[in-house]
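Down below is the structure, laid out as structure tokens.
Chain nomenclature is as follows: A, B, C and D, assigned in order of appearance, with residue numbering initiated at 1 for each chain independently.
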Amino acid sequence: MSDKIRITIWNEGHHEREHPHIREVYPTGIHQVIADGIENDDFEIRTATFYDDDDHGLGGDILDNTDVLFWWGHCIHKLVPDELVDRIQARVLDGMGLVVLHSGHHSKIFKRLMGTNANLSWREHPGGERERIWAIDPAHPIAQGVPSSILIPQSEMYGEPFDIPQPDHLVFVSWFEGGEVFRSGCCYHRGRGRIFYFGSGHEAFPIYYMPEVRQVLANAAHWCVTRHEDGVRLVNRHIEEPLETIAPQS
Amino acid sequence: MSDKIRITIWNEGHHEREHPHIREVYPTGIHQVIADGIENDDFEIRTATFYDDDDHGLGGDILDNTDVLFWWGHCIHKLVPDELVDRIQARVLDGMGLVVLHSGHHSKIFKRLMGTNANLSWREHPGGERERIWAIDPAHPIAQGVPSSILIPQSEMYGEPFDIPQPDHLVFVSWFEGGEVFRSGCCYHRGRGRIFYFGSGHEAFPIYYMPEVRQVLANAAHWCVTRHEDGVRLVNRHIEEPLETIAPQS
Amino acid sequence: MSDKIRITIWNEGHHEREHPHIREVYPTGIHQVIADGIENDDFEIRTATFYDDDDHGLGGDILDNTDVLFWWGHCIHKLVPDELVDRIQARVLDGMGLVVLHSGHHSKIFKRLMGTNANLSWREHPGGERERIWAIDPAHPIAQGVPSSILIPQSEMYGEPFDIPQPDHLVFVSWFEGGEVFRSGCCYHRGRGRIFYFGSGHEAFPIYYMPEVRQVLANAAHWCVTRHEDGVRLVNRHIEEPLETIAPQS
Amino acid sequence: MSDKIRITIWNEGHHEREHPHIREVYPTGIHQVIADGIENDDFEIRTATFYDDDDHGLGGDILDNTDVLFWWGHCIHKLVPDELVDRIQARVLDGMGLVVLHSGHHSKIFKRLMGTNANLSWREHPGGERERIWAIDPAHPIAQGVPSSILIPQSEMYGEPFDIPQPDHLVFVSWFEGGEVFRSGCCYHRGRGRIFYFGSGHEAFPIYYMPEVRQVLANAAHWCVTRHEDGVRLVNRHIEEPLETIAPQS
């Protein structure tokens, strides 16, 4: 077993394929820009896309050999097969980390793991608007090396109420120029796995090139990984015999 | 709109139908015994079962006219139509309360709302074993009027690890004669709705006749109900114009 | 015992006494303006101030006859006797509700109950700046009847990181014109008591006259009250005899 | 700066000093037995006791050079100077880890950080009673390498209700032979620091010699340590100028 953290960065790849102005921002695809951005000696990174790879990039034993899965999706959530969503969920419950990015809030897998619709408010301007991501818990591992606030010059607004379960740990809250706030960095535990949702990262803006955002994503990969020595999942377990024997009450 | 809390108690009704020794314990059905047990002037109670009622008892506008749904299921989780699970989930997210009982931990609707498999350990003896339900937060509304611990003389063991998200509020933890512990009273918020899981209540034992258990269930109905004046759900909302206009950075 | 919720609104009263421009905003004192603002048939309201009342307004059996205590303080936190802080803490742990307002974040009683310094960032302008309070959980009882966001035209900025334990329930998050965010509505449980911190309410601005803010405070009083039938506190309890007797392991 | 985790194990040392039958169980003192038990290459361990060391073992720059402090106390909580409690609290808020053991639940420092009385039920038998510590979250770092339940043949009973804030993460729940349950492994975040409370460890029984318990304590030391690169505490911070300038509303 490799000592490196095995990361698979999945991207639907639809925007870059269909829209020249997006392709201009991310000519190699969002997945590749993220891969370039978080590259370091601790990670062994593979990318996968909906259109370009067999089985949408997650067939065979790829999921079994993934410690942390990144997920960027938007337009074609509905095309992701339920069977694949089942497999991803099973892997998360068994301990695989999952980093859900931006419009992935409406992906099947995120809604599956949250149990909610993950609805929110949003506003899209051609020129975007300023966002400030505040580290409300600067002691959290995902906030290490990150400034007290990250200014994103051009962003899409995502606002409250965000229909998610209360996070196990809330790390970032965003401020938007137009007057909104948003819980933009949320940690969850489900089964044996860890999930981090990060809100910022619209396809039309070069957000994944920013060093501070890349630091957040690399930190998230480290935080999400859990390698359980025993590899045992949280199974249903029938216990035949009592562990203890209690004397009958008189 | 009625001022009373409109409660629908759903029971699959399989055990009572198929097994004489269960029918002996619950001759009128688990649903009816719970209904009798929590009856009071604040409640308007209806029951529903999988086999005996049209649309499994939850067709038409029944869910729309339910403030709190109780759910008891075990053998035929898989027969509950996905379309019904969708409708229940939608109602919970819009504010309907849900009380999930005992083996309902493996129901489709509970797993849907939790995002996990809800696996656990269990042990079943013909004679059962003693369970003590401890109110670890005696100040919680669901623990009002309940003794510091409830002794259930004959119970089925449900034990940890219980594969659920960390509860928003943990109210009860159970002790079992055979050596196990179990988070047996768990509160969750999903969307605008509230969910309470209560572990005790095996079909072979007369647990739902116990006054202390009935007090817990009546309290749970009160706690789960939320009647939002505006009736607005947590929708996806596109906001055209910014609320604030910020001067461009120089 | 009265059926009404017995509320005591405490205010240090220093600003109004010392500064004519504050007295102009709150001629009857912040405590009286809040009392007027939340008045309704469910409440029996008394006010208390540091300077004008004996024992700083909380002597005798006043605390024992208070279901919910509101606390506004700023300049003279250090003058509040430790003995009084001890008594308030004891009452909260026994079930009294506590609503801590604005600069009360640095009061001895709030820091005592949080275990932290409750530090934050702040910015004060003569003219204030705009604040928007977002109800991130519109289903919470404290957000009932409150619009999705409350615009405060002139406010003092309080910003993250706010050094508090992660709230048991986060209800409001504020946006500030100058670029910051703040967890401005935080729920806690300590012992048998409930605590709500509400950030908005600077002495120089007429915030406590706003109907939406008054709605929040009245809701908070309802949410904070817990009347435990048994009146039993969470005491240290020595148990002489085991409840169960277990057969020795062979 | 050392790369090792600098651990200081503090023990009041009263029982071992005063009671021969305790000294027989822990002839070198509880502190030394824990130190021996968790020793490994990642740790640089120092011990400190109330009686035998200057300034109760925590004077000079010892706290400043401690990454994780273990705390075992029982009889002489009241003798610990408030000034020392202030310094420990300040260090925790600045990022020092704290592992509070067994009867340390009533120590000044634990109650200070919790904001509650930390009361509980307890039962002491000369021969003790059986305790089973269940890992309810087997995926948590503190549960790694630990069996699904740890059987302690002789233990003192600590039972619910335990008057603590709801843990940020609940890792262990204990079962006691006599019929009780207890939240025996609780994680908290306060300021930039992490706190772990571990209930098992009575002075009259050789619990700290058990390999499984030692594994828990070593894991806890790893989990509690946080070394913030910037070394910045959560200070009060006055911000003179707005980060953003918003155009006046027309």
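Please note the rule applied: a residue touches a chain if its C-beta (ideal position, glycine included) is under 8 Å from a C-beta of that chain, and two chains touch if they have at least 3 such contacts.
Just so we're clear, the structure is a prediction, and the values are computed from it rather than from any experiment.
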C-alpha-based rotation, chain A on chain D, 0 to 180 degrees, nearest 5: 180
Copies chain B and chain A - interface residue numbers shared by over half, same or different: same
Chain centre separation in whole Å, for chain B relative to chain A (CA means): 30
Separation of chain B from chain D, taking each centre as the mean of its C-alpha atoms, in whole Å: 36
Contacts with two or more other chains, residues of chain C listed in rising order: 130, 132, 137-138, 149, 159, 161, 166, 168-169, 177, 179-180, 189, 191, 234, 243-246, 249
Residues of chain A defined as touching chain B within the complex: 89, 93, 112-117, 119-123, 129-130, 157, 159, 161, 163, 165-166, 168, 177-180, 188-191, 234-246, 249
Contact set on chain B toward chain D in their complex: 132, 134-138, 148-149, 159-162, 166, 169-170, 173-176, 179-181, 183, 244-247, 249
Touching residues (chain side chain D, partner chain A) in the complex: 95, 130, 132, 137-139, 144-145, 149, 168-169, 177, 189, 191-193, 226, 228-229, 232, 234, 243-244
